[in-house]
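First chain A sits with chain B, and in the next complex the same chain sits with chain C.
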Partner chain A sequence: MSATRPITNGASASKGKGDGPASGTIEIREITRVEGHGNLSVRLDDGEITRLELQIVESPRFFESFVRGQRYDDVPQVVCRICGICSVAHTSAAVKAIEAAAGIVPTEQTILLRKLILFGEQIQSHVLHLYFLAVPDYLGVGSVIPLAKTHPDVVRRALRMKKLANDLCATIGGRHIHPISYRVGGFSHLPSIEQLQDIKTRLEAARSDLDQTVELFEDLALPDYRRDTEYLALKSDDNEYAFYDGRLVSSVDARPTAPADYRRRVIESVVAHSTAKHSRSSSSDSYAVGALARFNVNGDRLHPAARDAAHRLGLKAPCRNPYHNNTAQLVEVIHCTESAIELADRLLREGTRPGPIAGPTKFGRGVGIVEAPRGVLIHEYDLDERGRVRDANLIIPTSQNLANIEADMRDMVPRLLERNVARDRIAGRLEMLIRAYDPCISCATHFLDLDWVSP
Partner chain B sequence: MIAARHAHRNGRHFNAAAPRAVIVGCGRSHRCDDQIGLLIADLLSVEPPPNTTVVRSEAPGADLLTEVAGADLVIIVDAAAARETVPPGRWRRIAVPRRDGRRLDVALQSLSGRRTSSSHLLGVGDALVISRDLGLLPSETWIYVVYAGSFGYGDELSGGVWESIREVAGRIQRDVREWMRLRSQRHA
Partner chain C sequence: MKPPEDPYCPVAGDGGRAAEAWNGGQKARVAIFSLTGCEGCSLAILELEDTLLQILDAVSIVNFREGMSERDWRIDIGFVDGAVSSPHDEEQIRAYRACCRTLVAIGACACLGGVNTLKHEHLSSEYRRYVYGDRATLFATTDARPISAVVKVDYELPGCPMVKEEFLRFLTCLITGRPFRLPEYPVCVECKRRGVLCLYERGEICLGPLTRAGCDAICPYYGAKCEACRGVLGDESIRAFGRNIREQYFVPIDDVLASLRKYGAYQEGDLP
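Now for the complex of A and B:
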């Protein structure tokens, strides 16, 4: 018997034999409000999950192949095109890897500017995800389009914050995505004092929008679910909440691992149902990266204003509820805003000085790791004696999270079935879970089409 | 994906007290005729009309929303699929009828087409619908549509399209300058 009936969000479901939930298949076609194309397929036989696959069906993109033979200083401009949302993070990881491979040491001013633009990207990516993708779930509307009618102030606020973050990135990088002045060895163009002052003033003025955003999220009821897993993030050697640099640590293994040794921690494998690789760690079959992982690893290093917000939102490390990745994103927006104000202030105080772009002193292998909005982002390049790429390996945060999302669902579905939760609500929970990780499969979508079909 | 030409915004042409125009060229790089809007934006960026921001966008939805706020005139330039009766290269200008609610609804509905719930797939029409609902829709919105023969991979343009790109860029230059002149006279 195979029956399909429509349920919420344009999804569909069918029941197992005898109208009970103990047997059946959940087929989620086109996971949406995530970036790119993915499906979810779950098969239940007598209450046991016999198949659970988060199927990534995007075509491979071959970036690692087509940077081969490219000059070292052309690579960041190519690989930043991997993503239109986290292009600054890709630029940063690539530049750091190439500088490590080429023996280039950037100036302190360069590092400050890189941190500042990375804050801008975190803000714009998190604001986009929270307001455009996550909030509609909690306010009971299908998307941002009806949200503009029902909650116009919320959308106006989101647009103001996104515009500010875009402008911050454009001020430092020359344009708000795919930065052009962010180069191997330094910046080819520096922001003016007036631009820095303008950004700082606007960031300070954004505090009231942030406060209202926290108020909004205080009232949202997130699903109550928790599962123990490993959280992996960068931890810096100073006291910073790491985004730009640091070594890999996790909630399971706190011994720091240098970026060059990342393969000891991050073990990739190919699975048949996904064109994106899966990752496990040396300690766990799956692990999580992203805002919640950073919060769990570095929460005590947050800016005091962000710590206050975490307290108001009831977010406390260690938090094992993946839905609170959204809460952690909001806490990070506040941290990044306050930290960007401080950085802008420092640059204004010390002044910016143009300097030469530092050149290579050798060519070899280099690894660069940064925290992209969605988590640990790893770029590795091997340069030949002419400074051209011989080999590349890029590991994006979403591919690291896929196995963990599957593990969450494998744990969650039986619990929901035990509680006789209606199947359309299970579908909704799974949609929201995937969305909470803010996956970037390639170029985002919104809801899930779900089929629950009898075997 | 959107990249704005900001230089003139802070340069000698920008006057905060005068009417402000935003031109958004939409399209996809390396997708044949789908580059039309981007190429027109590139041409206009060389010497933009006064008080005008030129933006090239590869995903205009959410980013378009952040650009239209505060503008008095928004111009959207995009490609549309040619049909048997409308060959590649032909172009037309559509004025969004802001003051007539019913006609505006019809126009926006036809622009929006697919009702998506994804911010990343928000189209031009969706962005205009949201702008209207938020009260951000500028007093005037013009859309220049150039008909396209191919949306495949590559940089090659269909016959006649490059000529239209140059023609439309010139027409937009003239139209914006004339609009600025009339607005200035009205407010003098």
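Now for the complex of A and C:
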């Protein structure tokens, strides 16, 4: 693990000393516009890649370890602190796992509210990524800040959409970053009818912003690159485009795997250059999770408005271009907005009823899987007889994608070299690829134990 | 004020040039950094959507890895979230200190150590092995500490996450030269003002009576007990609380301590 010094930021490329033209290194210290700390290091010798490492230098965080001993109903509040951007997804996975381990069945109203807040988080995370982190690449600027001067309407629109998504999360959970009322067994606070009505009205009014966002992305030229890989996502047993519930399926193996059996699909290992673990599947050395994987697995279940947007954006399943993860995110923003309107409508029609928080009926082992904005998120807890965590295992979307990002780059670099693309442009292209996966490195650095310690 | 000499910092020893520029009517140069944490406090700044464009008018963001490619190291106000939890963090925070005229810790991790401190309840060798198996020694780690344990910190904006409205108030005070102070009263004051039924009436042990206000009692309002993410007000309140818990409430002290430790507010082995 290399220690980054803050002054050595940005991409640099150097030729090897007297080697062939295709020798040298590409180093990106502290990849920017991603969540968390990562470096990229590529070494070429005579056109051969002799080293390619996406180095994760984020400090290890040890959540699986220190959640041990916590009371079952305190766990979600601790583990949602893994990530500020997707704390609702971590809360959801943890709550579902704990409820499975404690024999708690949430009410239908509770599940509707959870689905609604999870839609809110997908929208806010995707909008943040699309407008703040990805768009600057395509408009040739270093950040969204200069766009405030050159494209004020675009920035105002982005802020409006993000605020709406945050307000949606806050209406249900009390706040977006580390929600409060989203508890094991139910909600400790319910939104008022007026709040739900207000959110629904604003979501409907956001349709023109969505339309203009699609227009903006129609005009952006994404790099043309494709590679066959496995796409893993949740598929729900009803006809929903799965976020909250479902079983694991992939583009290679469509047989559904129940959440409790996830270890049959997802195999993790520690690599020396990354505090985030790497994953392979039962079928492939690497696989992808996230918006594009969900689109490839569940595309036919999108809301019609989202399907129209996919059509306008030229996104068709199966899509093998990882840069199109951005496009799939946008399609999902539309799907989630429309689905949130429908859910809010249903809650308004049926009315919300306060109810007690359901208590445990047993203590054992449970798995919870949801689709976080960046893909399949797995939490597993084993509770002792007092309801305290004995063992924990967390599998994070970004850690699942790391091996796949490296595989993309190993495939892409020789192709770019063949076309005599200048090395600093290759570095830029690689950084853009990493960003397209929307990695969340803080999330990815607290992994699990390889050997489950059984009581 | 001259920044301390530091070999990592390109502006170390610039004689306060950045400060002069600021005082000379230029916009304050602001940076946002992250150490070990969830980066939620950096994100909270971006969640000030209504005022973000005005903030960008009032200050220049010159260094924010999470949000921009350009990075400059002449910094008037540096905000840091996350705890110091590895040798690398320690190196980074010293460098940030050297580059920033004013250094501000944001959030529970930077102010108290945050949830990262929960790892102290297990032995270092044990928690490393638990997560990384026989490859544990690949990754360096230390105790999780607030950044004030390593460098001088000028201001702290506590909370998990930081309260974004408080951030805005702080920034406004700082760039207009007005004094900034955190509330010196407990969360209960805000809780009462919002008309929330006291959690003790429901039989819960809430840390509101000894926790610094400023969050508008957001957790009690949404039905959860306060767990001191903004830190405790002082030794006096902790002593009174300890006495009260022992004499009036028949609850396991361990659970109370777990609440107090959750965000690193109090890390002693027992209540006074």
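As a working rule, the second predicted complex is superposed on the first by the 426 of 455 C-alpha atoms of A that agree within 3 Å, B and C clash if a C-alpha of one lies under 4 Å from a C-alpha of the other, contacts with A are read in each partner's own complex, and residues count from 1 in each chain.
Assume a residue touches a chain if its C-beta (ideal position, glycine included) is under 8 Å from a C-beta of that chain, and two chains touch if they have at least 3 such contacts.
Because the structure is predicted, anything quoted here is derived from the model rather than measured.
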{"item": "When chain B and chain C are modelled together on chain A, clash or fit", "value": "clash"}
{"item": "Partner chain(s) touched by A:105 [first = chain B, second = chain C, both, neither]", "value": "neither"}
{"item": "Touching partner for A:181 - first (chain B), second (chain C), both, neither", "value": "second"}
{"item": "Chain B versus chain C as contact partner of A:193, first or second or both or neither", "value": "neither"}
{"item": "Chain B versus chain C as contact partner of A:70, first or second or both or neither", "value": "second"}
{"item": "First, second, both or neither for A:136, with chain B first and chain C second", "value": "both"}
{"item": "Chain B versus chain C as contact partner of A:258, first or second or both or neither", "value": "neither"}
{"item": "Partner chain in contact with A:205 - chain B first, chain C second, else both or neither", "value": "neither"}
{"item": "Which partner, chain B or chain C, touches more chain A residues", "value": "C"}
{"item": "First (chain B), second (chain C), both or neither touched by A:82", "value": "second"}
{"item": "Colliding region between chain B and chain C, picked from 91-99, 127-135, 163-171 or 253-261 after the shared-chain fit", "value": "163-171"}
{"item": "Common ground on chain A, meaning residues reached by chain C in one complex and by chain B in the other", "value": "9, 32-33, 35, 84, 128, 132-133, 136, 142-145, 148, 152, 155-156, 159, 162-163, 166, 175-178, 446-447"}
{"item": "Chain A - residues contacting chain B, complex", "value": "9, 32-33, 35, 84, 128, 132-133, 136, 142-145, 148-149, 152, 155-156, 159, 162-163, 166, 170, 175-178, 195, 443-447"}
{"item": "Contact set on chain C toward chain A in their complex", "value": "8-10, 34-44, 46-47, 49-50, 52-53, 56, 61, 64-71, 73, 85-89, 91-92, 95-96, 99, 114-116, 118-119, 121-122, 126-128, 130-133, 135, 138-141, 160-161, 218-219, 221-224, 227, 255, 258, 262"}
{"item": "Touching residues (chain side chain A, partner chain C) in the complex", "value": "1, 3-7, 9-10, 30, 32-37, 57-62, 64-71, 74, 77-78, 81-85, 87, 128, 132-133, 136, 142-145, 148, 152, 155-156, 159-160, 162-163, 166, 173-178, 180-181, 183, 187-189, 270, 272, 275, 442, 446-451, 453"}
{"item": "Footprint of chain A on chain B - complex, ascending", "value": "1-4, 6, 10, 58-59, 62-63, 65-66, 69, 115-122, 126, 129-130, 133-136"}
